[in-house]
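What follows is a set of structures for review.
Each of the next two complexes has subunit A plus one other chain: subunit B in the first, subunit C in the second.
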Partner chain A sequence: MSAVAEAAGVSKWYGEVLGLNAFTASFGTGITGLVGPNGAGKSTLFKLLIGQLHANQGTLQLLGENPWNNVPMMRRLGYCPEHNQMYGWLSGQQFVEALLRLDGMPAAKASKEASAALKVVGLSGAAHRPTRTYSRGMRQRAKLAQALAHDPEVLILDEPLSGADPMARVQILRTIADFAKDGGHVLMSTHVLYEIERITNNIVLIHNGKAIASGDIHAIRALIDEHPHAVRFETSQPRQLAQALARMDHVVSLEVPAEDTLVIRTRKPDAFYKELPGIVADTKLEVRGLESPDDSLEAVFRYLVG
Partner chain B sequence: MSISLPTYTRREMPLLGRRHRLRAIIVTGLRREFKRPATIVATAVGVGLVLVSSIVFVLFLGAFLPGQARDLSFFFVPASNGAILFFVTLMASVVGSALIADDLNSMALTLYLSRPITHADYLIAKAATLAPLISMIAVLPLVLTPFVAALLGLFSWTIALEAIGLSVLLGLLFTAFYTSVTLFLSSLTTRKSYAAAGVFAVTFGLTIPADILSSSIGNSALLYASPWEDYLALARAAFGASGNQLDWPWALAILLAATVVASLATYLRMKAVEVVSG
Partner chain C sequence: MGVTESARRLWVVTSLTLRYLLGTRRVIAMLLLSAIPFILALSLAAGRVSAFNIDLFQRLMIPLFLQVVLIFVTLVNATTLIREEIEDNTLPYLLTRPISKPAVVLYKYIGYLVAVLVLLVPPIVLAYGVTEAYQGTTLATDLDVLGGFLVATLIGSAAYGAVFLFVSVLVRKPLAVGLLFGFVWESIVGSIPGDVPKLSVIHYLKSILQGMIAVGPMTTYGSDISAGIAVLILVGFSVAMIVLAMMLFQQMEFRQKA
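Up next is the complex of A and B:
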């Protein structure tokens, strides 16, 4: 297979708002990252790829087929949406099980596979808790579990790391990498380049609904490193965490804008994300979640698009 | 620091057919509804009140309806119980209004449709979740009433069985109408309260003005606009009760047409829905 997904001149409008603007790109085998700031059109592209939106213009293929109204193809996909939450009263186990039953899996098998998938994403301990009691990172992992539990050929992951805590990020990235190592294909969106860089070199950059660059990540790394990368932490101990992170020589600024928030800027995001889980584990500081405001990436895109 | 994690391995698995997938949606829906106090209360109070009032009519037939013959026409009385209309409307608004609106609001629909589920599958499953709950009020008490009446020896089993059969048909038609109309209203909005208000508007916004206008103008044809009056016309004709102001074939056609049109409109609406987020 040469390309898992291909888009040729795809446009999508929401009324007068342009979601995708003649988007053309090819997503190869293995893991491909779709990187762009919020509102760039990442979710729109993924919704088109899973057949839940219909393109106004252009052609789109996933696994060699047109995804629009292509119900049988859904068996071959695992989709992890960014925002969706299916019934908070369901436990993680029930949530994954219910979706596996929709694939036509027998009840006993669905139960077993749901447990296995939740174990893979590290949610076994919370499998029987209602998902409304989950942290954002736990919900992301539950959604990842449902996406991969039915053994799809392609995983389409919309910001799977959004809001996840450092340990959850490690777990999610490891699960995605294992899936790809086992022959699966992954299309993953993020607005944080450094996250995807840890598991693949193949990226497509999207901005204002257009693919502005694609291919090897290293070509734009130097450019990106010129712009300090911001990370916002949600923690009950922002000052203690700031003290711990200040030891990294590549951290250029620390800011506590609210009682439960810490914002840092680093010139070496890859090193930062690599060292972070160790620091958090060693200091035993509570980190409820972290995310990267996309202003640093925005600067790079502004440069790329002139 | 070292982290030890289980690894992912691909598996082959046998898959079941469409019927099983639909059942999965229905089971999830019903499981949800029977965890909601509003559903439990509406069901218990609705079934209880309709059933008790119907049986009271049977037991005290002579006192309530002097001169009423103990034949099939008696069973128009429980079938025309106004509590049926109220509790069917309540059940449709409490349960049905949220069935699609909540999925659109939470975008759970995205997850449903990311599975091998068609829009028709989804709607059939939602209808199959709502219809049994509505029929518990529209059908169950009307079946139990002749049964109890025959058990007490107040009516012959022949009449009771005939009444049961007719009640099932009438109740199912009323259930189908409210199920399709409610799902249509639910598919139009992401706010279940709007859909619930719509259900009440369909019931009382049509029935009360139709009754008032038809009696003030003296034109009974206006009653066709009320689904409840159409249902009553059918019930009168079915049980052989007197006083029908409407032609039952027209009433039947209106209820069936409204049911089919609402179902088709819901299907087309859902096919057109593009799940937008992010």
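Up next is the complex of A and C:
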């Protein structure tokens, strides 16, 4: 297979708003990251790839097929939406099991496969809790579990790390990497380049609905390193967490904009993300979630598009 | 796709629909509303109202149950079937499985029908039981009345549900349009003399009652069709509405809500 997904001159507009603008790119085998700031068109592209939107112009193929209203193709696809809404009254086990039964799986097999998928994402302990009680990180993992439980050929993951706590991030990235190692293909969107960099070098940069660059991630790394990378923490102990993180020599600023928020900026995001889980585990500080405001990436994109 | 796999999908989607309609807190309001016929019958019996008999039961239940409770319960439940999934961003989970969009509509409608019948049938049966007990007759005395109301409830739930489901696929704010249809169109068109009431669902529901009940206010309604024909017309109308909803849904696009 040469390309998992291909888009040629794809445009999509919502009334007068342009979602994608003559987007042309090819997504190869293995893991490919779709990187761009919020509003760049990542979710629109993924909605087109899973057949929930219809392109106004251009041609789009996933696994060699047109995805629009393509019911049989859904067996080959696993999708993790950006939003965290789920059927809150279902437990994680019931949620994954119900969706597996929609694949036509018998009840006993669906139950077994759902348990296995929840174990893979590290949610076995919470499998029988209603999903409305899950944290953001747990929801991300439950969404990933339902996406991969039926053993699809390709996973389409829309911001799968958004809002997840450090431990959940490690688990999610490990699961994605293992899926790809076993021969699966992954298209994953993010507005944080460093997240995707840990599992692949193949990226497609998207900005204002256009693919502006694609290929090896290292070519733009130097450029990105010139812009301090911001990370926003959701925590009940922002000052204590700031003290712990200030020990990293690459952290250039710390800010507590609200009683439950800490924002830090670092010049070495890869080192930061590598060291973070250890620091949080050692200090036992509560981190409910973290995300990267995309202003640092936005600066890079502004540079790239002139 | 095999029959077994389709049956599994039907079971999952209808189960999810039933759990949503009957298993979440919203059901409390629906239960209270559906219980109005029973509460009214109990109140009349407790108040020892001398005129309370099967004739008064019919006179009260037609405007109260058929024209208010039935319409409101079907409206609230049918309009949430698809629209809530869209608003809650849960639809992608269903639509990224090997199940067609028209099948989702159909299976959800079946789940809706079961849910509203669970809500609407027991109160009307209990109200009938209270009436028979109060007038000192056995439960079998006026079975034609009970049968007429049960058929009208079943067919009315199917017809109104199909209209409201279609409206919910068609417009973003289906409740307002549904209210206009259920309470303005049905009331006004249904009460105009001549052939105009034939454009309303309530006309055919009243025709069912007229055809099935031997004695009571509906015997003089003046419909020129039998109960069987009225049932066929409403079933055909429901099928047409569902097919339209399925066709419309098949062409719909789903942009994630912000």
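Rule of thumb we're sticking to: the second predicted complex is superposed on the first by the 305 of 306 C-alpha atoms of A that agree within 3 Å, B and C clash if a C-alpha of one lies under 4 Å from a C-alpha of the other, contacts with A are read in each partner's own complex, and residues count from 1 in each chain.
By definition in this document, a residue touches a chain if its C-beta (ideal position, glycine included) is under 8 Å from a C-beta of that chain, and two chains touch if they have at least 3 such contacts.
Small disclaimer: the values here were computed from a predicted structure and weren't measured.
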| item | value |
| --- | --- |
| Fit or clash - subunit C, subunit B, common subunit A | clash |
| First (subunit B), second (subunit C), both or neither touched by A:G215 | neither |
| Partner chain(s) touched by A:G125 [first = subunit B, second = subunit C, both, neither] | neither |
| Partner chain in contact with A:P257 - subunit B first, subunit C second, else both or neither | neither |
| Dominant contact partner of subunit A by residue count, subunit C or subunit B | B |
| Touched partner set for A:P72, first subunit B, second subunit C, both or neither | both |
| Which of subunit B and subunit C A:Q52 touches, first, second, both or neither | both |
| Partner chain(s) touched by A:D151 [first = subunit B, second = subunit C, both, neither] | first |
| Partner chain in contact with A:G64 - subunit B first, subunit C second, else both or neither | neither |
| Set of subunit A residues, in rising order, touched by both subunit B and subunit C | 14, 43-44, 47, 50-54, 71-72, 74-75, 77, 79, 81-83, 85-87, 89-90, 98-99, 101-106, 146 |
| Partner subunit A, residues of subunit C touching it in the complex | 1-2, 4-5, 8-9, 11-13, 15-16, 19-20, 23-24, 88-90, 92-101, 250, 253-257 |
| Footprint of subunit A on subunit B - complex, ascending | 1, 3, 5-18, 20-21, 23-25, 27-28, 32, 35, 106-108, 110-118, 274-278 |
| Contact footprint of subunit B on subunit A as seen in their complex | 14, 38, 42-44, 47, 50-54, 71-72, 74-75, 77, 79, 81-87, 89-90, 98-99, 101-106, 109, 113, 119-120, 122, 146, 148, 150-151, 158-159, 167, 170-171, 174-175, 178-179, 182-184, 277-278, 281-282 |
| Of subunit A, residues touching subunit C in the complex | 14, 43-44, 47, 50-54, 69, 71-72, 74-75, 77-79, 81-83, 85-87, 89-90, 98-99, 101-106, 146 |
